Structure formats: structure tokens, C-alpha cells
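To start, I am sharing the structure in question, which I have written as C-alpha cells.
Order of writing sets the labels: A, B, C, D and E. Residues in every chain begin at 1.
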Amino acid sequence: MALPDNAKEMVLDYIEKKSKTKSKFYLKDFYTIFPDEGPRTVKNFINKLVGEGILEYWSSGSSTMIGLKGAGKQAGAEGE
Amino acid sequence: MAKHETPLLDQLESGPWPSFVSDMKLEAEVRAKNEAGIEFQIPVDVVDDLMGVLELSYVHGRTHWKHGGIVGVFGYGGGVIGRYCDQPEMFPGVAHFHTVRVAQPAGKYYKADYLRQLMDIWQMRGSGMTNMHGSTGDIIFLGTRTEQLEEIFYELTHNLNTDLGGSGSNLRTPADCIGSSRCEFSCYDTNALCHFLTNLYQDELHRPAFPYKFKFKFDGCPNGCVASIARSDMSFIGTWKDDIRIDQEAVQAYIGGEIAPNGGAFKGRDWGAFDIQKEVIDLCPTECMWMEGKELKIDNKECNRCMHCINAMPRALRVGQDTGLSILVGAKAPILDGQQMGSLLAPFVEVNPEDDYAAVTEVIESIWDWWMEEGKNRERLGELIRRAGFQKMLEVTGIKADARHVSEPRCNPYIFWKEDEVPGGWERDVKE
Amino acid sequence: VPMENRITDIGPRHFEEFYPPVIKANKGKWLYHEIIEPGVLVHVAESGDEVYTVRCGGARLMSGTLIREICDIADKHCDGYLRFTTRNNIEFMVDSKDKVEALKADLKDRKFAGGSFKFPIGGTGAGISNIVHTQGWIHCHTPATDGSGTVKATMDEMFTDFQDMRLPAKLRIAMACCLNMCGAVHCSDIAILGYHRKPPMIDHEYLDKQCEIPLAIASCPTAAIKPAKHELPDGTKVNSLAINNERCMYCGNCYTMCPSLPISDTEGDGIVLMVGGKISNRINPPKFSKVVVAFIENEMPRWPTMTQTIRRMVEAYASDARKYERVGDWAERIGWERFFEKCELEFTHHLIDDFRDHAYYTWRQSTQFKF
Amino acid sequence: VPMENRITDIGPRHFEEFYPPVIKANKGKWLYHEIIEPGVLVHVAESGDEVYTVRCGGARLMSGTLIREICDIADKHCDGYLRFTTRNNIEFMVDSKDKVEALKADLKDRKFAGGSFKFPIGGTGAGISNIVHTQGWIHCHTPATDGSGTVKATMDEMFTDFQDMRLPAKLRIAMACCLNMCGAVHCSDIAILGYHRKPPMIDHEYLDKQCEIPLAIASCPTAAIKPAKHELPDGTKVNSLAINNERCMYCGNCYTMCPSLPISDTEGDGIVLMVGGKISNRINPPKFSKVVVAFIENEMPRWPTMTQTIRRMVEAYASDARKYERVGDWAERIGWERFFEKCELEFTHHLIDDFRDHAYYTWRQSTQFKF
Amino acid sequence: MAKHETPLLDQLESGPWPSFVSDMKLEAEVRAKNEAGIEFQIPVDVVDDLMGVLELSYVHGRTHWKHGGIVGVFGYGGGVIGRYCDQPEMFPGVAHFHTVRVAQPAGKYYKADYLRQLMDIWQMRGSGMTNMHGSTGDIIFLGTRTEQLEEIFYELTHNLNTDLGGSGSNLRTPADCIGSSRCEFSCYDTNALCHFLTNLYQDELHRPAFPYKFKFKFDGCPNGCVASIARSDMSFIGTWKDDIRIDQEAVQAYIGGEIAPNGGAFKGRDWGAFDIQKEVIDLCPTECMWMEGKELKIDNKECNRCMHCINAMPRALRVGQDTGLSILVGAKAPILDGQQMGSLLAPFVEVNPEDDYAAVTEVIESIWDWWMEEGKNRERLGELIRRAGFQKMLEVTGIKADARHVSEPRCNPYIFWKEDEVPGGWERDVKE
């Protein structure tokens, strides 16, 4: 199965909906947006959005989370 | 003159063991002098400040680092660990102090020119301090600032043909024992398999694909010199199916005291003459060895390949020739459900570079598919197996249940049956 | 960001580039090895070729300058080749016996300004090899003790056993600075473990500014954290968290997600000692290490109580165990009640397992015990 | 109810009333014993007194008439004294060797109309003693098989070993008819266990009339039961229950509280075989029995598959184990993979533990295995 | 003529082992004839109907009993198990069929007249069928009707000086091995202690005091002939502190083959000549035995009193003289958290009848106090210990933690500390 054409919007919508409480998500959270897709398809798509600079990774060191680029409380504190 | 007084750390300069404090002072001094004329991209006194903050920890008995969520280079989900000092005013040189994990070569073999090139990058763009190596196996560049990360990555990939290692919810940098490159016990080429899989799974290594971290380690034999059984979600341990090769003359040489037992590992004490009965035959866990006159005999069918006899008499005994590896799964540190060692999943898997190790990758990928689907966030494979049951894993990998999977069968009778396993099913007419 | 010509996913360098010629030529065809003396090994190949390895210890927290010195040694004696072991020792390999003495002499001569060896030779056979360890106060945010310092103190104490092979078997010491146990600490003959004993503090003032409250709550493995309103001294009400101290297992996971929950505490933090683990399948299967000392204070800079306790255990083991018997095998043979006696350790209630279901199986379900 | 002169809390009769004189006289002063022949023991006291015991098997489901016959034998040979062992054998004791032969002869002669022995002599030493067992279909409401019948079938098959002492050690068989395991089935060399494999049926029509719904819900240890409305064929809606079949572990607890939830099922019910348990602390600590056959159908009236499977295990053990080695010790020495081979049993996924935390510790964390 | 055809059961009459079917037929016949002229208080054909319903179970492969709620004698919380047949029309004789648990004497010693008196009651007022004995230890009277229960109780107590046993959330009927009454291995008088405690705790035995059932069993030595370690919430196992007594002459007699090893238990096979080295010394789990010339030596300090050597050579070796018992707690069947064996709580407790076994009752009562307070409904002691932690039990019993309590120390480091154990406590100023 292929991802819907508006897959990107669906991802952004999802993030927007949750943005009141949190800015970072686990990869698995995105699976729920595309319940019929295999984990690999979703993974590749999310990683592509990172590649496009729309999303970005955040790491606890031990695990990686994903959010909108620049979002989140500590985002400003990262880097220079 | 040292930038910060470090009276406590100074006490770690004495004693015979290499002093990391002396070494840091050396690096601080070299930086200060900068005889090589390096264009330092981060503060020249970064090592002084590192010593300063460490001294403060020695005074307080507490760390002075805070977590940082930086991941590293664009498009990669790991390879960098972010850190900030909680006393940035006092120690501006280490206010931002991220580490970079650099992929080490299999077997941790190096040539001097390569190591120097690495240091050329690192002494310019980072603290110059390293860990050789991190616990997982990477070369660790210890401490730099965010803006250097891409530069370092660029130089590593373009000039050194070297990539970053793993961190985050990725495949982590695989690691191996020295294997057949220098070890007579090795049942497969650990370096080759480690390198092959590392490259095959670069995407998994660099971009989050998993619920959590995942580690591979490769031991050439059951001695376990890279500790894979304790430290890897998937542990590949060499083994063999046929007979231990015996050189009866060498056996006699051991008995006669001509060869030091166990490769000379016990030379530091007088343990008395080597006693093959007491030291080998009686210690064989399966009791499958005996002397028949001057001949050492092994009932190989009963041998569980513990390596003891081979370790004890390496010139007389050699591992078999029909070799392969066992795959064990689920090892991990104690957080959250207690520590786990790897549990045997595939007793014997062929190691065949000709077909790109198809037998090995098949098991890996069926495990990953399952874990990616069923694993919860931050649930390691070992935890998933415990939650879902060993049976479930057998199902998804298509491996048949076998007494070898257990050290003992279950002692509770709580066997769950599936409806289709039980004749008549579960829906019945109560009135019948 | 230099995105042009971006190269990704190339992995590490190919190992063959770094194989010394004698290794490349004889790979897969090694016949046997021998430890000639502590720290010096020879491997003999079917071809008759030999490779001599001189192993030396290193603090794995290592400067670029020292690495360059290592490179110089490799160039001088080994055609530039060297390797690191899985326990962070450095191995210099030469292809003939003639070259060994000069190499050894060179290594022995090199010392740091402070007087310690740069490249002590040893770490083979039935002795104590290098300690594998973790970051500690040099880089991590959750350590309960230092890594490099505790290791230096311990290796100084154990130094003769690094250079000797008098023990009944290999004795592996490992160190990890917190419960995350970045290493095989859980399966080591002796393990030094940094341990927190207090729940995190809460910096209510900054918490809501610095942290995403749902992420902090979700990070706690024991579900000890709940959202809570807090009134600051100046009367303002802020969103914050409350921790159920009874449920907290001092893991520091919450501090990773939220810097307003520091876990470290001068008096709370310290050392746990574990013993009896192993990795190899030799004779018997791998074993987990067991906790035998529930807590030792951090005594900077040299942790004397800790190193002396380790010394006592090593000596009791050295004098009482049988050849080929690892520490854990020995303890099991004599019985743990005797282990505590012989090592002069106190058995306290903390050492009885009370973690989950399996705890039961570690209690004594037998009348077999020694008075 | 005759409440007058009510006597309560007086406990059992005092044991001394029932001690044979030679027992009373030498209590605490026994020096040693010997098994003269299967089923016949002598105990010798410091005083030189001897007591000869003839042990004989009995179906513990026993009629008053048979008990009277036992009394007659006791009167005839033993001054009226006798005892029962902890495994439901009957012991007749005499105070001199002269009296043994007559007693034996008398016992051997007594047979039931159907031909079986009433008092077979045996059950001592390295053989198979009586099977301890539970109610089965004779009295309990949750059994998955019969007790007396499976035991009779098994003891007939094992009869020569009841009267012989050729085995490597004692071999104890126990039987329990459901998971409640009323006996030491969980620590027996061989255990026969009745096991349900289906969740209870629900008799919606009567449920609300017969049962207190909250009690039924509370009775389930796995919380598999929830309240639910049900529509009967005639369209009326009744209060009833729903069972989450995936969570049910077929324990029958709910049936105890609510007769509208019958658990027994002709095809679902049957036998589980466990092996390798023991009680004694001899040589090594007590051990739990392990499940080695996940299911055998109930084959009334003689359970041939079950008895033949037991026979195979006993013979494999008899021919392969060492003297003093209990079944479990033997299996552990040769390895469970060999146990299954030698007993010609199939290893199935059902035998891998998946119950709670401890399951993990029963998987193989080692490369040590036999091909 | 049999009332019901029992073709399946009939097949259980053949074979050598005593046939319960033949026995039931015998009883049915005796009842039918009633030569003794008993005034049967329940249907004369009760045993026929019992066979009938059992035959039906053999046909259906299912039980035909239903649970029977609360039946029993006035003021007692147990001693009777209620049962109803689910086919009362077909088998009216067993439509109501409750069992009565009668307290057995310690050591299960009997005199014929007493047994006959029991049968006088039971053949008149019940089915005449029994279990000799139930798994817990009671004399089981199998099957009577509710209205007979008080009568039976009256006659038992008034005429036979005998009480009911336990059931329900009570102390259950304690049971013991034969002990020192006839066994040379016994380290204490099991019969006496069992009887004493049974009487001391009659109230707990008859009236629900506990969250659930509670069992005592008494083994005279570690051989465990009443299986206390597997079947009792509190298991009392004899042991000793001093030296094993050795008769060196008898040792030689064993070596010389004059005495059959192990009390003759292996006579059924030719195991070859007795080899003290192989059969005793090498099997000693603590390796604390050796021969010094003709003397057998034991390093008693290292002995863990496993009984093997004593069992193997009962005429040469005897248990020590400074005897007492170990208390183990928590054994139970698998429902709900999996089976448990008893865990060692008190390694050595004095057994002193002079002071009414004060050292023993002290442990019992502190355990009960705790369990009555903290135990949940239907939570066995073993489950409470697992839930609350072994430490908690040590606290409430005042027993000091000891390496003897564990087979190994914890392998996870999850040590919970109490606030008052840690200097500085938990409330600190984050701003400091």
C-alpha cells in the first residue's frame, strides 16, 4: 500500500493536535496515523520529512524522538 | 600554570596505573603551547575547564553536567550525545560539550596515519580528549560545540572515509572480538561479518527505525571476548557441529609438562604439575572425556562446546571444522525489568559470505519486523520477548521450539492454549 | 552546514586496511597461542608465521597527544599497526620474537610527568585486566560516582595483578557510574557501580519553563511522577510535578527529560559492589553478578574503603579458590554464607532480593546451609 | 442439633495411645534400620529391641469394610496396632522377626473379588511407592481427570517396581486432578496433573439466578470476567457475565463461586505430565517438577497413552541414571535436550515457560547445548 | 446385582494394584446385605450411586459434582466440604455428598478398636467410604448428608475423644513424619510437637482467623518424609549443630561389604561393591569428607547436613546431638503466583517441650500477627512474603538478615532505601 497523497499534512496535523502537551514524539506514535502501513514505510516517510528539514530529531542519548523543527521548550537552548 | 587548582585530582597522578589526570594536563599543556599551530575551533583552554569542572565534582561528590537533546548532524538520528555544563560561567570552555561517536573499524585494528588523521580533526575541532573506546565500541570524541558537528562529519566522511557511530533509537555500532584474524578458536570471521552487517544496515544505524536502541556483537567462540551475551540485543557466537580435533602427541606433551597448560595463562603461580584428569577431564561439564591408555577420547555428541578443554590445551585440541554461529537475543542492562543475558534463539546458523550471510540476515530481519511492529516505545527486544513470550518470537522467526531453547522446561503448568489447538473450540452449547 | 557533496552511510573503514601483514596473511589459519610472560602473547600459524603481541594498559580517557605517542610507537616498532582490545588495552604486534624486547623496553620507559606508567605491560591470563568503565563525572549527567577516578584508584591497588598471573582464573573488574550500567557490569567478577539513594529534587521555579511536563511524567519507569501545582515562596502558582518517593528507584530517567529534576546528591550517592558474574561459557554458563556491598560512600579522590574492600575479596579468592575457578564459581562452591565470612563482609538486608517475581528464587529453599 | 454438653476443640487423639509397646519403649533411641526385602523394614534400638515393619500398598479410597479387615489383621499379628505412612501405605509392625513371615503370608493371600491384591507388600527403598493423589471425579467439582482411576492404571503398570528396588533412587509419583494441586505434585519425580484447556462455559439462562455476579467476578485471579447483559434466544435480556477467553487460565475458581460457569469439557480436559521434582535435601536441594508433556487426552478407563509414557520415562531413567540420582538430577546431568530424546518425548512450544517474570530464567542463556 | 452398570469401571478391577472399584463393590454389597444390622442414616445404596456417577464421569470425561457452599458443624469454620451431584435424579443416594475431615493422630498410628469405632459411626451415618488419608493428613469421611454432620461430630467428640480437622481460612490439620518414634534420623520428636501445636491452636484450626488457609508440617530431618517443604506455609525440619557421630568400625564394615549400603534400599539391582569414595565422599555436596587411612573424616563446619552420607551408611553415621529445627515459610501449590517451596526463615530453633516450645511458638505467632494484619483476602503467606518482601518478614519476626536466608544475593541493584537510612534525608533545598 502507498501512503496517501496528503500524508505530510496528516503528520503535521497530528503534531499540531498534540502540541499543547508535547513537542516530541516517538517514531511509533506516527504509526498510529497510518494504521494500515508497515512500520518500515512510515519510518522511511518520517525520516524523509526530516531530510526535507520539516521535522527534526531530538535525542535523549539513549532514544530518539521526533518533532517539528525548532519546536519545544528547550529547543532554543540547543546549539548556539 | 594550570588554569584551575585541582588538588583532589592531583592525588590521582601518583600510583603506577596510567593517570588520566596527568594525561589531561599533558593535553592542556600541548594546547596552551600549540606548537603545531592548530587553528583551534573551540576554546584553547577546554581541557583546563574540563579538569576544573571535574575537580568541582570531586569536591561536591556530584556531576556538573546536564543533558542536551542535540542529535548531531543533519539527517542522522544519532552519533552525538549532547551535554551542557551546569557551571558555564566558571567553565566557559566546556559550557557546551557534546561527544561524537565515530565508527571504529572491526577488530579495532588501526594504522598510525589513520589515528593521526582522526586526531588532526579532533584536536582542532574538539577537546582533543577521547575515549578509546566507548563501551559499545565506538571511538568517542569527548566534547565539542554544536557548530563543529557538521564540520567534523564532513571531514570524517570526505577525508577519512569514516562515518559516525550510533546512538538514539537506532542500531548501535556493532562490535566484535578479534576473531579469526588472530585467534585460533574463532569459528567464523567476526571482523568480516561485523563489517558486512554494519554496512548493510547503515540506514538503521543512522536513522531512527526502532522503538529503542538495538545492539549487535560478534564473538568468535563461546569464550565471549566481546561479551556479546551480556551486552547485545542480538549476540552472534561462533560454534561448531562436528568433532573437536585432537593432536594426541600434543596431549602427551601437556601431560609430560612440555607445554604450559592454558597457553601459559597460569604461569604466575606454582600450581604443581599439570594433571589432565583433575584439570580437564574432571572439569568437563558434560563428563564426556576420558583417557584410553595414552589416548584422550571425547564423546563429541555429548560435548556442549564449553571450550574448557580447548582453552586448557590449545596446542592439542582445536575446535571443529563444521562451524557456524548461535544467535542469542535480548541481552541488556538492568533498567527496567532487571538485567538480561542473551537467550538462545537459533542454535546453529550457517555463516556464508558467498550468499551475503542470508541465513543470518533472515533471522535479524524477522526479529526486527516483529519488534518494530510490537515493541513499545523504549522497550528493548529482551523486554518484548518477556512480555510477548518466547513462543511468540519462535512464531515470528519461524524457528521450531526445541529443548535447546530452555535450560529447563517450565515448572508451572500455566499453559495457555489457543482456541484452534483444542478440539471442539471454546464456543459450546452449555445445555448439551 | 556544508551540504554539498554530502556523503552519508559509509560506515567504518574496512578492517583489512589496518591488518598488519602477518595477520592478513595468516587469518583463519592460526594454530595456537602462548602467553610468554604477563602481557606478551605469541600466536603461531599453520604457515609457521608468528605474531607477538605486547598488550599494555591504558586509561581509556585518552588525549590526542597520547594517541599520537601511541602512533609513534607503532611506527617505530610495528610498521604503524596497532589495535585496541575489547577491554581498552592497547596491543602492539610484531612479526618476530627479535622485535619484542625493544618494544617492551620502549613501553616500560614511558611515564607521565606525575610518575605513572603510560603503557604498563600486562593484562593477560589469570590476572586482572583493564577495567571497562563508563563516563562518570567527566561527561554524563546521571552518574553517582566518577568513572576514571574510581578506576585509577582500583587499578593502582590491583596493579601487581595486572602484571601477574597468580590468580585461580581471570578476574574481570568493571565499573559503571549509574544504574543504566553502560557496560557488562552485570556479568563481571567484580563490579563497581555508582548508585543514587535519593529521589530527585524538584526545582519548581524553573520546571514548567524548562521541561515538557508530559514527557517528564512518561519518562518514569515506576510511574512515580504526577503533575502537581506548586506555590512558590512569592505566592505565584506554577505547574510542576510531584514525586512519590516510595516508588522512586533513583534511576534518573526523569532528569534526562527534565533538567529541573536533579538526581545527584552528595550524601546519597556512592558505590555498590557486585561480584561473581562472568561472560564466558567455559565450564559453566555465564552468570550475573550479585550485590555484596549495598553502599560505600564516595571518598574522593581515591575511594579507599572501596579499593580495600575489593582487595579483601581478591585476596580471599586468591587464597581459597581452585585453579580455573572464577570468583562466582568459588562463592557458589563454598556457599555465600562462607563468602561473606571469608571476605569479611557484613550481610545486610539490602542484599536480599525484593525486585519482582524472581526474587523468590534467590531465597534459600532448602535446609542445606552451613553454620 | 444436639448442643447439650457440646465438646469442641479437643483435637486428635493422643498419639501415645496408639504407639505399639516396642515403639513407646524405644522412641528416640533407634540406632539404625534395614530394608530386609522390598516392603519389609527392621529398626534396631539402642536397647537391642527390634521392630519389623511390613508396608503394603493401599488405594487410599478405602471402604469401611476394608478398614475393618485391616483391623483384623492388626489384631491377629500386631496386638491391634498399625499405622499409615505419609504416602497412604499401611504399615503393620511386629516386635520380632518370628512374626514377620506369618504376617506377610496373610497379607499376600488377601485379594479382592476382581483379582487385585488387597495388601501388596512393597513401597520401600529405591523403587516406586504408592501414588499420593487427590479426589478426581469421585468427589471434587473442578477435576480435569479422575484420581483413583489414573492411579490404579499407573500402579498396575508400575507394580513390579512397587515390589522391587532396582531403580537408581526413590521414584515418587504423585497425582493431582487440577491446577490447585492438592498434594506435592509440584515437587515429584513424576507428576500426573489433570488440566483444563478451555475457559468455562456460561449458562446465561441460570447465571443471575444461581450466582452472585460480583462474587463470580472477584473469584477470577486473572480478572478475565466482566459483567455483561445477555439476550436469550427468546429475546429476554438477562444479567450475565462475559469471559475474556485470552486471559483465562482455566483454573475453575469461578466455577467454585458460580455453578453456571462449568469448566470441565470432555475434549478440553486431560493430563499434563511433569517430572524431575523432589522434596528431600539429600545431596542437592528440593526441586520443582517440570512440565514435559503438555497434554494427553483422557482415555478412560485405563489411560494407556499416559501409563506408557510414564513407563518410557521410568525405563529411560532406570537404564541411564546413576546410583543415588533422582530423576531430576539425571535430566539435569544429561541435559534436558537428551532427556526428551531418551524418553522419546516431543518438545513442544507449550513447554517453554511464559508465566511471569521468572520465565526468562528458564530459557537458555548460554551457548552450552548438545546437538 | 449392581444397581448401575459400570462397564468402564469394571475394567479397573483387574491388575495387581488394589482396586478401588472392587473395594467399592465390596462396600456396596456389605451395605446391601447389612449383616451387621446397621441403622443406615443415609441411603443404603449410596455406594452404588457413587459408582454410578463415577461411571458416568468415565463416559463423559467430566466431573458430575458441584460445589457445596457452607455446610459444617455449629461454631466451626471448617472440617466439612460440601458437594452436590449434578445428576441428583439419576443418583439420589449421592445427591448431597459432603465430606468430613477428621483429625488424625500424630504419626498416623492407630489401634484397631479405634478405627473400628470410627467406622461404626461412618458406616451408619455416611457412605462408609473414606480416604485414608487426605493429602493434608486428615482422615477423610467421604460423603454424607447435611443433617448427619452434627451427629457425627457429637459422636466423635463424646465417644471417640476426637475432633474435626481443618478446612477454610483456618489453620489446617498439621501433619508430621513418623519422627523419633521409629526413625533414627529424627532430630526432634515430631509427633509431640505436632500434637502440641495442634492442640495449642485449636481455635485457629476451627474458627476462621486468617486471610486464607495455613498449614504446618513437621519433618524430623532434611529427608523430608512428610514433604513439609513443599506443602506447608510453615515447615519445621529437624537439624543439628554439632558433629555427625561416626562409628569407624561400621564404616569399615560398609567398605568391607558386610553391611548393605543405604539400609538395603538398593538391593533390587547389582550395583557392584560399595565404593565409599564414589558413593559417599564424591557425592557429598560440600566436599567435606575424606578418608584418612582407615578413618572417615568429616569437616563438620562445612557440612550442610544434606543427610546423604548418613542415609548411605546409617549404621556408621548418626546425626548430631545438639538438635533443633529449621523453620521454612511460604510453601504452596501453584495457584496464583506459581508454586513455592518453603524459604528458610529461622535456620536453627530450639525444640524444648519444657517451656512449651516457646522458641517455636514465638516465630509462629509473630508470622501470624503480620499475615493477619497485612495479608489480603485469599493471600497465602508465601504470596504475602513475595509481595511485601523478605525483609519485611525479617522485620516483623525480629530475625536478623543472614546470608543463610539466600541461595544467592540479589543480582539486580534495585535496592530501595528508606529515608531515615540515608544521611540528609530526601527533603533538600534545590537551590543550595
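As a convention for this text, a contact is a pair of C-beta atoms (placed from the backbone, for glycine too) under 8 Å apart; a residue touches a chain by one contact, two chains touch by 3 or more.
Listed by chain with UniProt protein names: A = Dissimilatory sulfite reductase D (DsrD).
The shown structure was predicted, so the numbers you read here are calculated from the model rather than taken from an experiment.
**Q** Provide the labels of all chains in contact with chain D and in contact with chain E.
**A** A chain counts here if it touches both chain D and chain E, which gives B, C.
**Q** Give me the set of chains touching chain C intersected with the set touching chain E.
**A** Touching chain C and chain E alike, sorted by label: B, D.
**Q** Using the stated contact rule, I'd like to know whether A-C or B-C comes out ahead in C-beta pair count.
**A** B-C
**Q** Report the inter-chain centroid distance for chain B and chain E in whole angstrom, where each centroid is the mean of the CA atoms.
**A** 51
**Q** Between chain B and chain C, what is the gap in Å from one C-alpha centre to the other?
**A** 13
**Q** Suppose each chain is reduced to the average of its Cα coordinates; what separation in Å results between chain A and chain D?
**A** Once rounded, the distance between the two centres reads 60 Å.
**Q** Distance between chain B and chain D based on Cα centroids, please, to the nearest Å.
**A** 49
**Q** Two-or-more-chain contact residues of chain B, please, as numbers and ranges.
**A** Touching at least two other chains: 67, 75-76, 81, 222, 229, 285, 305-306, 334, 337-339, 341, 407, 411-414.
**Q** Any chance you could list the residues of chain C touching two or more other chains?
**A** 179-180, 186, 256-257, 259, 265-267, 281, 284-286, 288, 355-358, 360-361, 365-368 - these are the residues of chain C that touch more than one other chain.
**Q** Scan chain A for residues touching two or more other chains and write them down.
**A** 60-62, 74, in rising order.
**Q** For this entry, which pairs of chains touch?
**A** Applying the touch rule to all chain pairs gives A-B, A-C, B-C, B-D, B-E, C-D, C-E, D-E.
**Q** If you look only at chain A, which of its residues touch chain C in the complex?
**A** Residues in contact with chain C: 21-24, 60-62, 72-74.
**Q** Flag every residue of chain A that touches chain B in the complex, lowest number first.
**A** 26-29, 38-40, 43, 47, 50-51, 57-64, 66, 74, 77-80
**Q** For a test of understanding, state which residues of chain E touch chain C in their complex under the given definition.
**A** Per the stated touch rule, the residues are 222, 229, 237, 239, 241, 285-287, 301-306, 326, 328, 337-338, 340-344, 347-348, 385-386, 389-391, 394, 401-417, 419, 421-424, 426, 428, 430-431.
**Q** Help me check something: in the complex, which residues belonging to chain B touch chain E?
**A** 334, 338-339, 411-414
**Q** Can you tell me which positions in chain B touch chain A when the two form their complex?
**A** Within the complex, chain B contacts chain A at residues 67-72, 75-78, 80-82, 84, 96, 145-147, 167-170, 207-213, 369, 372-373, 375-378.
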